[in-house]
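Next up: some structures, all given as structure tokens.
Shared between the two complexes below is subunit A, which has subunit B as its partner in the first and subunit C in the second.
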Partner chain A sequence: MKLDISLAPETLFYIGSVAISNSFFWLLVLTFFILVGVFFLNRSLKMRPGKVQNVFEMLLAGAFDFVETTVGSKSLAQKTFPLVFTLFFFILVSNLITFIPGQAAVTIETAGGVVPLFRAIIADYSLVFMMTMLSVLITQIVAIYVAGPFRYLGRFLNFTSPLNFFLGLMDLIGEVAKVMSLSFRLFGNIFAGEVLGAVMLFLFPFFLPLPFAFLGLLTAVVQAFVFAVLTLVFISMAATVSEESEAA
Partner chain B sequence: MEVEAAKYIAAGLAIGLGAIGPGIGEGIAASKALEAIGRNPEASGKITPLMFVAMAITESTAIYALVVTLIILFA
Partner chain C sequence: MGLIEALGLDGRILLAQFLNFAVLLFVLWRFAYKPIFKILEERRLKIDQGLDDADAAAKSLLLTEEENKQLLIKARQEASLIIEAAQQQADERQREVVAKAETEINVITEKERAKIVAEKEKMMSQLKGEVSALVLAGLQQFLSENMTDKRDQEVISKIVTNLEK
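Right, the complex of A and B next:
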């Protein structure tokens, strides 16, 4: 038996010249189910909540309270909450869904050999990169909107003294490094979890992977939380730091 | 040295050295959090999630090393 691990997702089939990978296919399936689930949940909302609605209301209210205490004001929380909670919920669901047993066994015959039909979608770097770019770009847009374009540029290109110029350049590098740190953290954790599970299964089947599966479960929840919270912190920093420099 | 052997040595070194710092850091985070809970047990509900977040962020340098290792091994 040979361990079969690849960084890039496997191609299932082609539409025209566009390769459809297994992670992309799985992403579409998952998005469809989330949308349908939310649609029916939305349709069945009542003033006197049932069991499902109660659970979701508690979850949402708790999350909103957490966002409010983090950003510090209710209006800002109302603006950032939809994005942050969507990111959290999507990453959480797509991580947890990989713990349904047996899906790695479903394979499909393609031109490039036998490949698994499903793949943990967070273990595909392109999706994580897109989500990170989304979060970082929104942070920059908020910063530009709050500070105005000139003061925003002035943060990075400061010619008042050599030290300020150097610090401005460091700020610029810091902004670019956000993309790497945020995306590698999520991708690395989930992909490493997959690889770890495969290696442990290879060493001693059925029993040895169990504690690592539990660790993976913890990682799945914590990383979804961390990604969302860091996005939130970046946005709230972009919205408030500029106000402070205005006062100074 | 063969390229294959050098790859395995590089992968082992990358993750081994990269895990030192985060290991120490996570230990410090856990010890401080447990100390705080020991002093004030009612605050454990607030401290524990924050500790997990801090640990996940501390862990990220180890994860970078891990990503590099995986790229060396499998890409």
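Right, the complex of A and C next:
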């Protein structure tokens, strides 16, 4: 018995020339379930809430309050909330469904060999990269919208003095580094958790993986929160820093 | 590049994942966040309205009670005024009746007294006549036996003067 660890998700099958990986497959399945869930939730919304509605109301109201205190204004909170909360909710649910037991045991025979049927949705760098780019690009768009294109560019390409030029360059590197730090933090945590779980399961399948599963559960919640909050902070900084420099 | 291959990056899958996320974002926003926030806001407004209504009801209740109290006080005052007036009227009426009765009694008494006086005078005059006739008859009888004409004349005049006194 040998342990196969692949950085990229394993290919399940091909549609045309596009390889459909196990992560992508389960992403589609999860999306379908979320959409169905939203459909039923939307139909059952009432003025006098039931238990499910109550939970969602509390979650949304609490999250909105948090977003509002972080960005500091209600209108900005209303604009950023859907993106940030969707990121949080989506990452959280994607992480949590990996804790449904029995997934590691199922493998499937494909053209490329035997591959596991299940893989954490977030343990797919492609998806994490897409979300990170979304987060960073929206941050840049907000910054351009608030400061105007010339001021925005002037922040990175500042020729007034060598020091300012250097600082502008650092800012530019910082923006690019955001993509790296944000995406690898989330992907690394989840992927490492998966690998760790697999290794522990491989070493001794009883009791030993349990503490790591708890650790993974903590990581699942914390990383979802961190990713969403960092996105929120980037956007709110982009929206407010320009205001401050205007005042200065 | 080796890293991109190792990480499994594929432009078409990236696009598919983006579209997937966009659909998720749109659906969650349109059919979950928005209606739930709307319901929360509506409920908040409803609660506000309910509290306002309760306040208004309590205020109006207080006002009504105050009004009732005022009304009661006014009614009592009016009642006492009416009773007083009635009392006065009754007193006056009584006085009137008594006064009228008194005057009537006076009139009647006066009348009776006048009647009695008249009766008395009538009786007296009648009695005088009768007595004088009787005396005259007695005297005539007595005198016819032992009196002369001269004597007769003297006695008559004497009696008459006595009577006139």
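Just so it is clear, the second predicted complex is superposed on the first by the 248 of 248 C-alpha atoms of A that agree within 3 Å, B and C clash if a C-alpha of one lies under 4 Å from a C-alpha of the other, contacts with A are read in each partner's own complex, and residues count from 1 in each chain.
In this text, a residue touches a chain if its C-beta (ideal position, glycine included) is under 8 Å from a C-beta of that chain, and two chains touch if they have at least 3 such contacts.
Being a predicted model, the structure only gives us computed values, none of them experimental.
Of the two partner chains, subunit C is the only one that A:L41 touches; subunit B does not reach it.
Number of subunit A residues touched is higher for C, counting subunit B against subunit C. Legend: residue contacts after superposition of the two complexes on their common chain; A:T240 is shown touching neither subunit B nor subunit C. By the touch criterion stated above, A:F225 is placed in contact with subunit B alone, subunit C being left untouched. In the overlay built on the shared chain, the residue A:T110 is in contact with neither subunit B nor subunit C.
Using the contact criterion defined above for the overlaid structures, shared-chain residue A:N158 touches neither subunit B nor subunit C, since it reaches no partner. Shared-chain residue A:A19: touches subunit C; no touch with subunit B. Legend: residue contacts after superposition of the two complexes on their common chain; A:L7 is shown touching both subunit B and subunit C.
Within subunit A, the residues touching subunit B in one complex and subunit C in the other are 7-8.
Remark: subunit A residues 5-8, 181, 184-185, 187-189, 191-192, 195, 222-223, 225-226, 229-230 touch subunit B in the complex.
By the touch criterion stated above, subunit A contacts subunit C in their complex at residues 7-9, 18-19, 21, 24, 27-28, 31, 34-35, 38-39, 41-42, 45-47, 49, 53, 56-57, 60-61, 64, 81-83, 85-86, 89-90, 124-127, 129-131, 134. Interface of subunit C with subunit A (complex): residues 5-10, 12-14, 16-18, 20-21, 23-25, 27-29, 31-33, 35-37, 39-40, 42-43, 46. Within the complex, the subunit B residues that touch subunit A are 49, 52-53, 56-57, 59-60, 63-64, 66-67, 70-71, 74-75.
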